[in-house]
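Shared between the two complexes below is subunit A, which pairs with subunit B and subunit C, respectively.
== the complex of A and B ==
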């Protein structure tokens, strides 16, 4: 079954090739992670590039995170509305929206939004720098591209996701409170009391924030790895961006499962 | 002197360089020629230590650069200036910041000294006043000249140029070659230049090497290359249609 009768690769050949490809990607990301950590541990990274990345990744993502967060809160209330109405459980609306948002939906949707905006952009930028020999030029100028380009972006990506999740959580709850007022006539004060009644704690916020850091690591690694591994000119950049988005989304869901399982 | 000894390099099943041996004397302007995909640019990147060969040595100032630890090799690269085929200007930096980049990163020069050096480089490449322009707003010829300014700003003893005149009109092309020759003479640097513009390249080189299918099939003075009776060299140097290539 190594190859079919017509000479095309057989099932096992194709499966083996895919597995080798995945192993190569995982290995490449592992090596890159080690190199980044070595630079970060010795504070060998470019401060200006870090600040530039924080601006591009963090500040420029604010509008899209605000819109996503506000509407996410509203959606949580829309989904909860039939149950709340049927059982008259208006007092639990704050807890219900808060529990789902803080532990799961907030970090998950923020990560997915930033995966498309920041991760894809980072891969395209690094890939273009590879294709136009800018990475080689850095090395020729005796500059370590990991210290200069990759480590600052890695750190900025994680911090961006962490802080974006933090304010996305707050905005989602704000959106939920006012959606509750509009759709279910639940006063924001009642919503707030539900949030702070003792059923929710700071550990629920903490779980979401831990997830945001884990998601940030995998997204930053994927976007940097695929960007640096670009081959084959402009079409290669397109393929790398696609691979980043797919790997990040898959990584986010898989890690979400394991982190949820591990912490709960 | 740069001594290239028995260099071998493959990408997958494709053997790009086959036991290439070549000496480039100190202070020489060496032209590396050959048909497309003959391994010229790869050899240039190997000399700069950017690509590791499977076999052979590159000896610069008595040291085999591939025996150096990575961190030492990274520092050693400061001895090289390099112009890339695609300019490789950092597109998020201005012209000034691009040229000042190596000075800021690798020297202790003050900003005033850097400003003076950059202004001098821009004058040399005939683009004074271009400091605040972005690379995206420059023509191909201007980008090449900014690339030359950046490659020479550190006044490195070894400079490598990959296709410095590709895609340029004949007049601009000749100006670029003359500029590189003048730069090399002024600095006394050792230069290796890859170019497909043979006619103009040979107006400035001291010695020439020709790569064909990964092998060095000719190494001699410019005059020897022009008078060579080797059918491959003769056809390539004179741009003849009929021949073994």
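== the complex of A and C ==
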């Protein structure tokens, strides 16, 4: 049944269409990834644009990372509080919060916040350039848009996410230590003892950082791909930003699952 | 006086004046920006509530937005929450085994956490990106193409026409979607526990730790997030200025601000929950 009686597409038609759409997106992102890697491998990307992107993506995101990380640390302790009280395991609070933050919540929430702050912003910028034909102007001047615009942003995005995660981990643990003091009367020194007593190792930090790099790759690809694929004026830019955040969020969670199982 | 001229230019373009402000000036400018934003959102919230009481009744458009916000997010949310459930139970199981070898309470603790916090917060973060970006992009494009000005010319407040139906639709559908996503995350967690740690589903489905407080905290989070997302992103959409770049900016701000709103509301509601239902 290709269509309903009133001529609107039927269920299978819609399913097939969305499947083809997904395949097109995945293919487009794969091709873009290959092109970016080819430029990066030969070090053919614009250094000034890279520094500008690092400033715009990294330095400008610091406030939002600080707020998110401190609140996240507090929330971790609030949620752990009933369990800690039930078992009287004050000494394990540092371990529990540290483990959860370093392995999962730190990389995940940093990635989600930066997907809004950096990924969506990048899509909007590239989309505006496409709509106002600036990319075509670059091509007309024989400047490769990928090595001039895309590859530097790609690299800057991944580095931003990596360093922000490192930073957010530390701040979230700080927030958790003081929330523990306020809510559960666990001294910060007991909390830090729980962190360093040997139940956690460098591998916990390392797994989180590997995750942040993987998330960075998928988010940078999604934001550049949808930005370059904008069609149709201002509403098109809005739709592209929407598609970027949805694809980034879905990609982050799906990859989180595979990374968690792959290296645990 | 060329600097004053350029400052005027900047003010006319709606940008910050370009001269150096110094540290105190920067802090002051940021504080003023935050204050302006908070006042704008408060005004949108108050006007939405006003029109809820005295505005037009249009069930048709509320139902339309319920479909847009709810049904169209269902697939996305199901995929994300399914994966989240598997990750959480797997990580928790691996860690818990190091300390206590007995995993019989894994399911009960997981369900309590899910209802109290994780289902609502992670689900709402996903909705903040999906729904918030959609609302801001739609309203932002209307602002840029002067459709909201046309509404005002017809003596219709855009908040009554555009934000109020989305506000209702979002509160109802966020609650429904979060209950669904808790069910999805619990089921995928149960399957993970069964296949990796051999916890029988019958042991995993343990409701003994759930009490009234958990349900009240979880449901009030649903309502708070559902109300916050359309207000914050509607405000960002309505304050759009300047072409397609402006729409992009508005969408970005909507995603960032509604995610932040979710995280901050979570902190306060969880804190209140701890004191009210210890």
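In the analysis below, the second predicted complex is superposed on the first by the 264 of 264 C-alpha atoms of A that agree within 3 Å, B and C clash if a C-alpha of one lies under 4 Å from a C-alpha of the other, contacts with A are read in each partner's own complex, and residues count from 1 in each chain.
In this section, a contact is a pair of C-beta atoms (placed from the backbone, for glycine too) under 8 Å apart; a residue touches a chain by one contact, two chains touch by 3 or more.
As the structure is a prediction and not an experimental result, all values here were calculated from the model.
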Three-chain arrangement built on subunit A, subunit B and subunit C clash or fit: fit
Superposition-derived comparison: subunit B or subunit C, residues of subunit A touched: C
Subunit B versus subunit C as contact partner of A:238, first or second or both or neither: second
Partner chain in contact with A:120 - subunit B first, subunit C second, else both or neither: second
Contacts of A:142 with subunit B and subunit C, given as first, second, both or neither: first
For subunit A as apex, the angle formed with subunit B and subunit C - C-alpha centres, to the nearest 10 degrees: 100
Touched partner set for A:181, first subunit B, second subunit C, both or neither: neither
Touching partner for A:134 - first (subunit B), second (subunit C), both, neither: first
Closest approach of subunit C to subunit B (Cα atoms, Å): 8
Overlap of subunit C and subunit B interfaces on subunit A (superposed complexes): 131-132
Of all residues in subunit C, those that touch subunit A in their complex: 76, 79-80, 83-84, 86-88, 90-91, 94-95, 98-99, 109, 112-113, 116-117, 121, 125-126, 129-130, 133-134, 136-138, 140-141, 144-145, 243-252, 255-256, 259-260, 263-264, 266-267, 270-271, 274
In the complex, subunit A residues that touch subunit B: 52, 131-134, 136-137, 139-144
Touching residues (chain side subunit B, partner subunit A) in the complex: 45, 48, 50, 74-78, 80, 82, 84-92, 101-102, 105-106
Residue ranges of subunit A in contact with subunit C within the complex: 64, 67-68, 71-72, 74-75, 78-79, 81-83, 92, 99, 103-104, 109, 112-113, 115-117, 120-121, 123-125, 127-128, 131-132, 183, 199, 233-239, 241-242, 245-246, 248-250, 253-254, 256-257, 260-261, 264
